[in-house]
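In order of appearance the chains are A, B, C, D, E and F, and numbering begins at 1 in each one.
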Amino acid sequence: GRQYHINLSYGEVSKYVLLPGDPDRVEIIASFMDSYKIISSRREYKTANGKYKGIDISITSTGIGGPSISIALEELLRAGANTFIRIGTSGALQPFINVGDLIIGTSSFRLDGASNDYVERGYPATANYEIVNALIQAAESLNVRYHVGIIASTDTFYVGQGRPGFNNYLPKNKENIVEDLMKLNVLAFEMESSTLFTLSQIFKARAGCVCSAVANRIKDEFVVNAGIDDASKVALEATKIL
Amino acid sequence: GRQYHINLSYGEVSKYVLLPGDPDRVEIIASFMDSYKIISSRREYKTANGKYKGIDISITSTGIGGPSISIALEELLRAGANTFIRIGTSGALQPFINVGDLIIGTSSFRLDGASNDYVERGYPATANYEIVNALIQAAESLNVRYHVGIIASTDTFYVGQGRPGFNNYLPKNKENIVEDLMKLNVLAFEMESSTLFTLSQIFKARAGCVCSAVANRIKDEFVVNAGIDDASKVALEATKIL
Amino acid sequence: GRQYHINLSYGEVSKYVLLPGDPDRVEIIASFMDSYKIISSRREYKTANGKYKGIDISITSTGIGGPSISIALEELLRAGANTFIRIGTSGALQPFINVGDLIIGTSSFRLDGASNDYVERGYPATANYEIVNALIQAAESLNVRYHVGIIASTDTFYVGQGRPGFNNYLPKNKENIVEDLMKLNVLAFEMESSTLFTLSQIFKARAGCVCSAVANRIKDEFVVNAGIDDASKVALEATKIL
Amino acid sequence: GRQYHINLSYGEVSKYVLLPGDPDRVEIIASFMDSYKIISSRREYKTANGKYKGIDISITSTGIGGPSISIALEELLRAGANTFIRIGTSGALQPFINVGDLIIGTSSFRLDGASNDYVERGYPATANYEIVNALIQAAESLNVRYHVGIIASTDTFYVGQGRPGFNNYLPKNKENIVEDLMKLNVLAFEMESSTLFTLSQIFKARAGCVCSAVANRIKDEFVVNAGIDDASKVALEATKIL
Amino acid sequence: GRQYHINLSYGEVSKYVLLPGDPDRVEIIASFMDSYKIISSRREYKTANGKYKGIDISITSTGIGGPSISIALEELLRAGANTFIRIGTSGALQPFINVGDLIIGTSSFRLDGASNDYVERGYPATANYEIVNALIQAAESLNVRYHVGIIASTDTFYVGQGRPGFNNYLPKNKENIVEDLMKLNVLAFEMESSTLFTLSQIFKARAGCVCSAVANRIKDEFVVNAGIDDASKVALEATKIL
Amino acid sequence: GRQYHINLSYGEVSKYVLLPGDPDRVEIIASFMDSYKIISSRREYKTANGKYKGIDISITSTGIGGPSISIALEELLRAGANTFIRIGTSGALQPFINVGDLIIGTSSFRLDGASNDYVERGYPATANYEIVNALIQAAESLNVRYHVGIIASTDTFYVGQGRPGFNNYLPKNKENIVEDLMKLNVLAFEMESSTLFTLSQIFKARAGCVCSAVANRIKDEFVVNAGIDDASKVALEATKIL
């Protein structure tokens, strides 16, 4: 039958699925394909099927955070997918990363809660190395600036990433999180990859992540949608390479 | 300026905001109001403003899970709201709860990750008692079946709620979670209230939650959308009482 | 047979039990009843049975801390009680609370150890809402100042509540606990309610708590026994309302 | 001034203090001294001063559990004491321990909450070796059966020690605790020594513990007050040795 | 000056260092080089410098476990090294891995204690992707059987890897660890890579790991030294590729 | 058969085993015996058998850290040993300890990972009191300066003991560890005793530890090998006393 949240049945998606967070970004990414069709839209889960250089690729939005991407992943696997590339936005944590640069995640700092439901925190949230290689090769071939390394997935956008919450609430252990993660060589904050990587490894699926840096938290810079087109093209091209 | 995710500025929302998870449910709830207008829709955050028996009420969808509702709450507070009632769906954990019954949460079992970013796990995720009273009074006046007690917020819908994941993956500590929570007098599973309650208390905002039981996990029953209309009406009526 | 610590058998106590910490306070509270009789006294557990406006009410002292109140609760339940109101003293954590004011706890910050033996820390230590309502109504009818909200139960009176221990020992994580809890909108410190609330919910018993503020930790004020008579009267009156 | 809970000032107690849990046991222990006088009684804290073979010794009851003994210890230190021997009752966890035997604790399994307020859980709750030696020597000289080893301090008497709670509630992780601790060579359950030992080490005070086995949990045996007189005599004699 | 444990000064080692656990294996690995010389031997740290196909390579034994490899890594970095390949033995956890096969670790399950001193457990212990690629390429060119994936680093060889300890002691949470890790797609047990990977990422050094499977825990097979020569040759060849 | 790592069979070692960390120290200690013979050397495990004042004593090096000493202990027990005295070097944490003084550990602060595989962290890592007494008596008879108390076992020598790691990396929670442990009355840092003590208690073996202070971390003093001869002699003499 149809999967409860994504509203798709087995065989309705491709083996390769690109995973933006924002439903509105599904069509933006799809527009770089040779052709596409929206096949479903329920809650934060919108899905397009399309063709890119002869390959069948699906795009499904995941919503924000580990809980909603865990549902997308569980249900897409049951619908027949097995290779996932998240296309996201992120806040860079290193001074050498420019806004608009791409960040290819090799692994994630598990600061989320969802992955803990599956396995204890010491289990590494790692991207599949074949996807990492394909993303690097695609970024090289498209001649875009990129960085390769660890990214950190938090469960909250404000306090969890060191931004003061409402009424300037910020607990002591979050005050220096930006600086602490910079020293730990973490490249950027986002909110979904640690759940995606952890679950994919358990399920023997391949997963990767390419984010654009829409902000740099060290230099306090921000440009709306910076680099998202590049991330989309790199993810599509990487899928072709795989 | 405009809040980054919900795309609304200070003063654009009412003091009272109803919070369904599903963007598609915003208009369903709004249809029980005397009048309404969709004022924004970005990502999983769709907002309607309306009038119910003379009171201004907003409705904003939160998406699924603690991370996305934490963003909704942080940004709605900045937009001027201060009283929140989540309208959700849930899976009942007690044999005496019928599918379609309402569940009014007095507090939440914090099985989420997002609230941990704000305060350690021993801090109680409690609904505001005035909202609990108003919801009970509303349910009585509308003559619908309801239950009052603890609900549990998980970060994953499958494994975290004791459903086998892909390839039947289920870690040992989740195998008996349905039965364990039943014995602990938890009424139902859902995925957002513990984040909502925890953050609201820190921010001196009032929050409550009324869910319909679309499933009963003990009796293995499920009815699509069971009770959602009742939950919507009770939440609207409770807002009038407040 | 007789319960091991409280030295009472099934049927010897009323359904309603008031729970002061201090054995010497049992008779002080009982003196506000129409009649009473001390029926048992062993270790820190002294019990009086009495009549208040036609209702049978017992009073049992619990001693200090989660371990000793857990024993009182377990054994009183076996003796036939099912509704509990703790009457305590507390140190206020908000500047707007005067010494002598009452604090009605809606829920407790679980900083105790005893409740962890029963269920993990994310489970909310919540007062029964009917008792909260009855305590509010009683406080209104007796025209005493009161506050409603979260209270924090610690396992130590000195270091756990931010007071330097012997030789001024104070670990770093306790140095700012008064200020941190103030920001989290916690109303006061005491040492028993989180165990009482957590266990009562598991046992389907009703529990509540009314404390007098004998100190204000923010304003560094202290008055011996301030408000204890008020707390006693409110608890008795609330029992009548229930 | 007077200490808040024990109601004693600096100099009113001896350097040596014996610590039973039960206030009623203060006079029982004191009756083995050459002379004594009750000097204070407030809450669960009753204190006697006396002489034993020429030495000044105080006896103060601590109440049940880590929270109340932490208060006794903090305040007795401020009153001038520096050497403490707990005299307790316990439930034996080894088949070779007879009801009525004495157990001399070398260290405690920290299953309490109070000691965590002072230092993280890996810090060892250890008895002072001079007191251990004195207790052994005293037990030898009085020709009583005794055992030397680890004891476990829990925060609850029922569930924490593997006894079913009200309505037979027993969480999974407590079902085998008796057998698990037996395999770990823990001699007995009691409820105060881990707090006593941990805090005493931090405060450079000396502490020890001698318990009688009033029950054997493996053999399901129980004799009221078995061995308490022996424990009292051994503690007094050990104090003389020190 | 000289590093305290490895007894080497800055500049005395190559940028590339191979890291066996066993000091006796230093010369075995070195024998596959074109030339080498033992330059130091203190405690479990023996170091050889050599040439392989024109490249300068050092080999330093690390001893067993995270603590001793953390010292080797800290001191080798100070001595000028920046690229590390551990050559180890391991116990395979998948039925498809033959004894004698090689396992190339992409990341490690952090079941060690040493890495926790540096960063909390959610930080991923990940191998450098360039080294992973070089090891794969080397294994292909040498035509040896290999597997690529997650390995688990434990702090104990017996109980931590599910083998009964002395007197058959095995705590409940270790009873099924072999089966649990098999389901989590972990390839093998060893005892050093999670410390190596975690610290190397923090220090911006590159690290990888190639182990031979000397045992298969699922099939209960064991062959002394199986595959160690292959692992040595692959590591040397990979160094040349880097 | 032969134990896998120490390469010895049942009966090849004495009941009494001295445990230095460094293999090179085995012969140094042995040289204080009346006669000895090296019987095995594999990895970091070197073993000598000898005679001291008529008693058979073995000496086995353990390597650095909990993982390697856990292997030594497990395998020596299977080889027939049952009494263990670690002879180590340590960094003193109290101003009154001179470099070269001996430290006799009564118990260990469990900051290691290996002991956690066996039992949760609250279980006390305690030395056997008979060995503590014998070590004290031996130190007295040899007229060397010594201190008796708690020692702390860390899993890393640099960051875990508050020394900056490579590139001055030091996480916030380690910045004050020297001062914090000094206030907690911990005498010294070393890296093996908490694993040794914890496991020995579980296995009903006797274990103790005597360390020389080669450094004083408070006074920033360091003398290579200071006091090691004294520690060796005290351990040998204590064995004779036992």
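The criterion applied here is as follows: contacts are C-beta pairs under 8 Å (C-beta built on N, C-alpha and C of every residue); 3 or more make two chains touch, one makes a residue touch a chain.
Nothing here was measured: the structure is a model prediction, and the numbers come from that model.
*Asks:* Give the fewest steps needed to get from chain A to chain E, where each step moves from one chain to a chain it touches.
*Replies:* The distance in steps between these two chains is 1.
*Asks:* Would you mind checking which chain's C-alpha centre is most distant from the centre of chain E?
*Replies:* Chain C.
*Asks:* Select the interface copy of A-E from among C-D, B-C or A-B: the correct pair shares over half of its contact pairs, counted by residue number.
*Replies:* B-C
*Asks:* How many angstrom between the C-alpha centroids of chain F and chain B?
*Replies:* 56
*Asks:* Can you compute the centre-to-centre distance for chain A and chain C, using the mean CA position of each chain? Integer Å is fine.
*Replies:* The mean C-alpha positions of chain A and chain C differ by 49 Å.
*Asks:* What positions in chain A touch 2 or more of the other chains?
*Replies:* 119, 169, 171, 183, 202, 204
*Asks:* Touching residues of chain D toward chain C in the complex: what are they?
*Replies:* Residues in contact with chain C: 5, 21-24, 42-44, 63-68, 70-71, 73-74, 77-78, 112-114, 116-119, 154-160, 165-167, 169, 171, 174, 191, 199, 202-204.
*Asks:* Of all residues in chain D, which touch chain F in the complex?
*Replies:* Answer in residue numbers: 106-111, 119, 121-126, 129, 132-133, 148, 150, 183-185, 194, 201-202, 204.
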